[in-house]
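As structure tokens, the structure follows; a few thoughts come after it.
By letter and in written order, the chains are A, B and C; residue numbering begins at 1 in each of them.
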Amino acid sequence: MPSDFVEISGLHFGYGRRKILKGLDLRVPRGKVVSIMGGSGCGKTTLLRVIGGALRPSAGTLIVDGESVNELDRDGLYRLRRKMGMLFQLGALFTDLSVFDNVAFPMRERTDLPEPIVRDLVLMKLHAVGLRGASKLMPNELSGGMSRRVALARAVALDPQLIMYDEPFTGLDPISLGVISNLIRTLNDALGATSIVVTHDVRESMKILDYCYLMAEGQIVAQGTPAEMLGSELPYARQFFHGEIDGAVPFHYPGTDYGAELGLATRAR
Amino acid sequence: MERSRLDVWVGVFVLGGLAALLILALKVGNAGDMLGRGDTYTLTAQFENIGGLKPKAAVRSAGVVVGRVATIDYDPETFNAIVVFKIDQRFSRFPVDTFASVYTTGLLGEQYVALAPGGDEKLLVDGARITKTQKAVVLEDLIGQFLTSRAGESSTQ
Amino acid sequence: MPNSGSRHVLDNKWSAVSGLGRQAVEAFLRLGYATRVLGLTLMNSNVSARRPRLVVREVYFSGVLSLVIILVSGLFVGMVLGLQGYQTLKVYGAESSLGVLVAFSLLRELGPVITALLFASRAGSAVTAEIGLMKATEQLRAMEMMAVDPIARVVAPRFWAGVISTPLLTAMFTAMGIYGGYLVGVILLGVDQGSFWSQMQSAVDFREDVVNGLLKSIAFGIAISWIAVFEGYDAPPTAEGVSGATTRTVVTSALTILFLDYILTSLMFRGF
């Protein structure tokens, strides 16, 4: 069994002419919680979709659990996805199904388990996220933090070996934030799974991480354990992890000279 | 539960649709006639002029629909129209000297074929030909006749 | 200066032409993509066939919930036909043919066309909005990540539900309309009941009128369902994107229905 669950090297991807990933290298060791951080729009979410096989890279190798994802056909891809669970940014619960049916959905669709077993499994998953009592509610009756937890229960419904989180901390109050980050760690260890967390929330994620990648403009610019990253001397890393306003990423969007644009230069003449 | 109630509604919906279709077929359309199409026999007749008679027009005897016009053809030898009827098997006792005429319902209505039974002992069998026919009355001819007779009347006066 | 001005006009003209060309290319691309989505839908319909529950559920939402508007509209359209037809036929003293007029109009044209227009705006738009919202809230992506094909699970059942519902609704609309014509013509205006029904029955041909009307409605059902699921599946994943797609479903369906109606009528009723 290779020690890395996900191995990526020299990965390129672009939407048409717009390049998103430019030669990305990344390894996710088995059983670890690894985070991919970076500013908005640096390609983190795209990277997750590429790993999940929803987008096809234009170059590079992408190996998940020993299988080369971009060479799989549809059936192979669907087989591989049974080993993956994904938590979407806003939960992506099915709005026309109850909490119970949402968690049961992957079991009913992908397995032939008899209904009583499905029921027990769903209640166990819901219990793990603390929402067994909410099983009869509809998604529109849940708070943001609760629907994120239901989505988490659904993502781990089939006991995946790889759990991917797309911005799991966005828009949550501090209590829900703590609950979710705690769940990410405990579920990972309880299931013996591997987790990839895409986020830009430094404070919350640093508590639960094993390893951290920092992404900028489609490439990995820094990596290390949380402690290493916080002490990094790299200008971009320092700016990112300490939230400095100006630095490697300038505060001002590139433009013409300020004085010239206001007409000050002309007036001075 | 909610699911089975939904199923019931869909069942009612599908049944309602099929019932509406059945009504359209039987009450509005003439599918009832078509169902009995197996029990028909064929008669032929030659007409000098059939006017506006069309296939599927009614064949009536004493005003009752007994069959329908199946095909209409033209005989280049005799310059006559050849009309084939399908007559309901229940009405198979027309004598050989039955008279076939093309009539119109009302003044401007659709045209149909009327069968007037004669008194012969022998009966028309399947595929037989009706020899005694009367051509359709064409409105223009009628008006023409009317005008000439009026002209004749006024000249004799 | 004047020289550069005229060049500017020329540039504008060219950009207008090239803009038109781009739009044409765009339209063809969309049609091609729509055809591919339809092909995928048909190929992935085995899930719908294996689990009819999925389709039954959608028939409830598109068909059963459209029932009231269809029946009420059918009744009123038939009543108007009875009234208008009576006024016109009375001029020629042919009131007894009212049944024929009502039945022909409804069976051949008004039944299939009005039902399809109502169905597109009531159910087609709802399907587009639903699929579009599922896309916008990442539900379709989530499904895909669970190794469940959204075309098979979400798109195909809605497509088939539309194809099944339209002819059934059309039959009910038409039957209701003929009853409406009967109410006004016979009960209200005093046309003879016997001639109303018997003339209708002898004039209406099952294959020529009933079956052709039904074929029309099936064609409309396929067109509406195709447009509705495609617009939803193709909608930009934003609030404006979904609302725009919903509008496009209604407009495109209406135009397609009327265009198809002309084509089908000229093919079906050539003898008349």
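In the analysis below, contacts are C-beta pairs under 8 Å (C-beta built on N, C-alpha and C of every residue); 3 or more make two chains touch, one makes a residue touch a chain.
Computed from a prediction, not measured in an experiment: that's the story for all the values here.
The chains that touch both chain B and chain C are none; no such chain exists. Nearest to the overall CA centre, using the mean of each chain's CA atoms, is chain C.
Averaging Cα atoms per chain gives one point for each, and the point farthest from that of chain A is the centre of B.
Put simply, the C-alpha centre of chain B and that of chain C have 37 angstrom between them. Centroids built from CA atoms put chain C at 42 Å from chain A. A straight line joining the Cα centres of chain A and chain B is 77 Å long. Note for the complex: chain A touches chain C at residues 49, 52, 54, 77-79, 81-82, 84-86, 88-90, 92-95, 105-106, 109-110, 151.
The touching residues of chain C, counted against chain B in their complex, run 56-57, 59-60, 63-64, 67, 92, 94, 97, 103, 107, 165, 167-169, 171-172, 174-176, 178, 197, 200-207, 209-210, 214. The touching residues of chain B, counted against chain C in their complex, run 6-7, 9-10, 12-14, 16-18, 20-21, 23-25, 27-31, 34, 56, 58, 65, 106, 108-110.
Contact residues of chain C toward chain A in the complex are 133-134, 137-139, 141-142, 144-149, 153.
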